[in-house]
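These notes concern the structure reproduced below.
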Amino acid sequence: MQDPYSNRVRGYFVNPVHAGNLQKSYSSDVSVTVDDRQGNTIQLAAGIDGDTLQELRFRALACPHLIAAAEYFCGRFEGRATTSLREFDPRETVRELQIPVSKTGRILLLEDAIQLLRQKIGDNSHS
Amino acid sequence: MQDPYSNRVRGYFVNPVHAGNLQKSYSSDVSVTVDDRQGNTIQLAAGIDGDTLQELRFRALACPHLIAAAEYFCGRFEGRATTSLREFDPRETVRELQIPVSKTGRILLLEDAIQLLRQKIGDNSHS
Amino acid sequence: MANSANQPVYLDYAATTPVDAAVAAAMSACLESPLGFANASSSHVAGRQSAAAIEHARTQLAALLNAKPHEIVFTSGATESNNLAIFGAARQRARRGRHLVTMTTEHKAVTECFEALEREGFEVTWLDPEVSGLLDPVRLQSALRDDTQLVSIMHVNNETGIVQDIESIAAICRARNILYHSDAAQSAGKLAIDVNKLPVDLLSLTAHKFHGPQGIGALYVADRPGCRLAPLIYGGPQERRMRPGTQAVHQIIGFGLAAELAAARQVADVLHFRKLRERLWQGIRDLPDIRRNGAEVHTFPGILNVSAGGVDGESMMLGVEPLCVASGAACNSQSGESSYVLRAMGCSDASAQSAIRFSFGRSTDNSEIDKAIERYRWAVQHLRSLAPSGVATAIRA
Amino acid sequence: MANSANQPVYLDYAATTPVDAAVAAAMSACLESPLGFANASSSHVAGRQSAAAIEHARTQLAALLNAKPHEIVFTSGATESNNLAIFGAARQRARRGRHLVTMTTEHKAVTECFEALEREGFEVTWLDPEVSGLLDPVRLQSALRDDTQLVSIMHVNNETGIVQDIESIAAICRARNILYHSDAAQSAGKLAIDVNKLPVDLLSLTAHKFHGPQGIGALYVADRPGCRLAPLIYGGPQERRMRPGTQAVHQIIGFGLAAELAAARQVADVLHFRKLRERLWQGIRDLPDIRRNGAEVHTFPGILNVSAGGVDGESMMLGVEPLCVASGAACNSQSGESSYVLRAMGCSDASAQSAIRFSFGRSTDNSEIDKAIERYRWAVQHLRSLAPSGVATAIRA
């Protein structure tokens, strides 16, 4: 069988620079946790100033693909506008990280977490 | 598996010096034919002068063990008294020629032929 | 292969073939490589390498038949492939119907499956061949019923080399949507088979008949609706659950390479066999009362099967030593049973019993054929000289 | 085997073992010898040589178990041996009764047979182990009924190394005249088994677990009245009609030699494994929240199975690379199923999922163990550092 882990997945897995807690505090700190029946858990934390996702962090008890996807997500959206979150496209992650078809289901957990994050940010910004 | 053919069986099979017809004529020529359901056929011919089996010959459409046993029989009893035929012991043949257990049944056909030969010789001598 | 007087002359390639040197080398390399042996079901790096090697071999097998790789299921040989196909299809489809069709001249690895299915309550129609050995497609047509679920008719017969018209047979089955299985143990790797043109659903093959290792085979299972099989063996996810157990990596690698080499050599081999067979037949055909079994029809040129009147089968086998050939008699057994294949073609028991099957290989040469001619002539003449006069019954019934 | 930083470190000997160099050489010699490949069913001189080689191997296998040669039936591996034993005994004895007994922690090659038999209308009692992993013989006693025909309880468990008390189990079955089968795939060739002392009727083994080739195994079938099996595969007289098909000569030769070598090396190997396992366990046991599965009972020293809280199984497998080990998680599958063996012993799903099985071989050395310690520690610590706080649930239920 092919190696199910692309070099990018391996790289993010071994050295996930966005893993952990927010390093500073921001005008708004939002965090969410989602899990699935298989015991995978994803936690996302966003440090927001104004409209900007100043810092994105994650924690995960999950398979390598999900860890790598979370890291990739944080790296890609950090520094961008909170509204950009709606551009998150799981298919793009699957493609970029070369995630095998059998594992694409797992990425939905990240999508759920991001959606929840958007909601919370929305709620916060309206509050 | 072991070679089912001992060297003696091979020798008799390749060079059965007693195969064929009686070479001369005798005061009494006796011959018998027996066969079994598997298509084996044994023919024995005895050239008798007085009480003596002057010449013994066989013909066979048979497996190698039966051919060898017939040859062995002819060689062993040629020149002996007709009464010696009752000394024929199939077990001795099986032992001497190292005939495998699975083939001992075939030797019974030779025994049948010899018995028939004895009967015929007896009948002849009484006639 | 030149041989001195008492050296065995191997002319039993239809029984099994030597492993090709390149195949043996590939197998040894696998056995000796530091991690080449790893379990292909393991998810670690070594396991993934084994799995990749197996998938490569699957591609090589698929190429031999013009199939898709996932249509190849590895088994332990054609016996198991036949069992998987026949039991698997019959049991899987038992609810739709319990009627099955096969032929009396199939290999035991087919006939015994159907006999066992009869005991399980299936109904089997046993078709006889014509005297030529061929199955008449019209007979097959009329044997098919609405509840027929499976037809199993072999490609090349292992005793006679007779090639059944599997194109017609397959077409008849496909037209009625009945699964068609063919035991191609004797043809795969030797004759071209293209499952894209031949509407066969299940096809059995085995490596050791075409210079691959013994103990590894495959079943082609067409990727078509309705072509599902109940497994014969249970215990894991391997081979799409149709054949669990740790895959034998070195065996599969050898099988794959043998398939690739066979495809490349097929045409040349057949030409070579044709010449050898003609030479052999010309060298013995003048013997009185001998019969070439399968002479009237198309046969695989790697096999020549000859019966002789007035000789015993087992004695023929000893008489032709040091030739290694096959016999129509069940040698060294008390049963004394003779070839049911030849008898189904109208041979008498005695004639079937006397039959000798010569089969040729890539490395068989003229000197071996000449030796075969000499030994065969000697054996027939010697045994006839021993036989009671009058019992040399004519072999033609 | 010393390894540089990224070289795989193979610690998955319970999955499969490399073929012993002497075994590989014997197999190659067979494959390359001019007639060593001949079909052992052929009555010619080459065939008889193959048959003799097979009978020699059968003697070697028999010696390993202190059995008689004719009690050894060659199969394609333990999966097939288990299937033959279980289906064969159940179907053969179905008229006497349809109740069967096994354990939930058996290998899939056993459990899936019993599941299939349940679908065929047999009644199966599934015994759970104690939390220790052991089967309580009293439980077995009370599960037996007058219509019980077969009990199947493995010897050494493939995931945990737990050694069942098969002496007691066998004695219980024999006393009630119930057939007893044991899957000894993980113990044969590694632990002494003497069928003259152990009243077992059927015992499965496989070459590739003790440095023999993949794709060849055996079933020991005691020569006792009542110990007859319906065949699983039909098609010829080989292996006393219990397992037809052309015998794989090179595979059987390799198996025989591996059995002989295993017997000679068993004691030294076990001592070696014990030291390696202790070194490994001492090197990781101080990690918080880890559990040695099977710690309370006698286990085969070639296996160490460890769960850790707060880590994902598949990520552990990637984290410990380049170690080649086995996981309690079904990696790379959507099922996300975790080891049913560990769950039956009271492990939580998460704990079972996180389990890593280290297993050792003859050539495993301390440097490999030290590498394993280093990689295992790194993986646990790394993954825990990523995990959400609070989810690192304790692994002891």
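First chain written, first letter: the chains are A, B, C and D, and each begins at residue 1.
Keep this in mind: a residue touches a chain if its C-beta (ideal position, glycine included) is under 8 Å from a C-beta of that chain, and two chains touch if they have at least 3 such contacts.
Since this is a predicted model, take the numbers as computed values, not measurements.
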> Farthest chain from subunit C, comparing Cα centres?
Replying inline: A
> So, what's the distance in Å between the C-alpha centres of subunit C and subunit A?
Replying inline: 58
>> Need the CA-centroid distance for the pair subunit B / subunit C, whole Å please.
In response: 42
>> Rounded to a whole Å, what is the gap between the Cα centroids of subunit A and subunit B?
In response: 96
> Using the touch rule from the top of the page, what residues of subunit A touch 2 or more other chains?
Replying inline: 1
>> If a residue has to touch 2 or more other chains to count, which residues of subunit D qualify?
In response: 45, 314, 332
> Which chains are in touch, pair by pair?
Replying inline: A-C, A-D, B-C, B-D, C-D
>> Residue numbers of subunit B touching subunit C in their complex, please.
In response: 1, 4-5, 10, 13-14, 16, 19-20, 33, 35, 37-41, 43, 59-64, 67, 100, 102-103, 105
>> So in the complex, the part of subunit C that touches subunit D is made up of which residues?
In response: 1, 8, 10, 12, 15-19, 21, 24, 27-28, 31-32, 34-35, 37-39, 41-47, 76-80, 82-83, 107-110, 112-113, 115-116, 206, 208, 213-216, 232-236, 244-251, 314, 317, 321-327, 331-332
>> Quick check on the complex: what are the subunit A residues that touch subunit C?
In response: 1-3
> Which of the residues in subunit C end up touching subunit B in this complex?
Replying inline: 310-312, 314-315, 318-319, 332-334, 336, 349-350, 353, 382-383, 385-389, 391-392
> If you look only at subunit D, which of its residues touch subunit B in the complex?
Replying inline: 45, 48, 51-52, 55
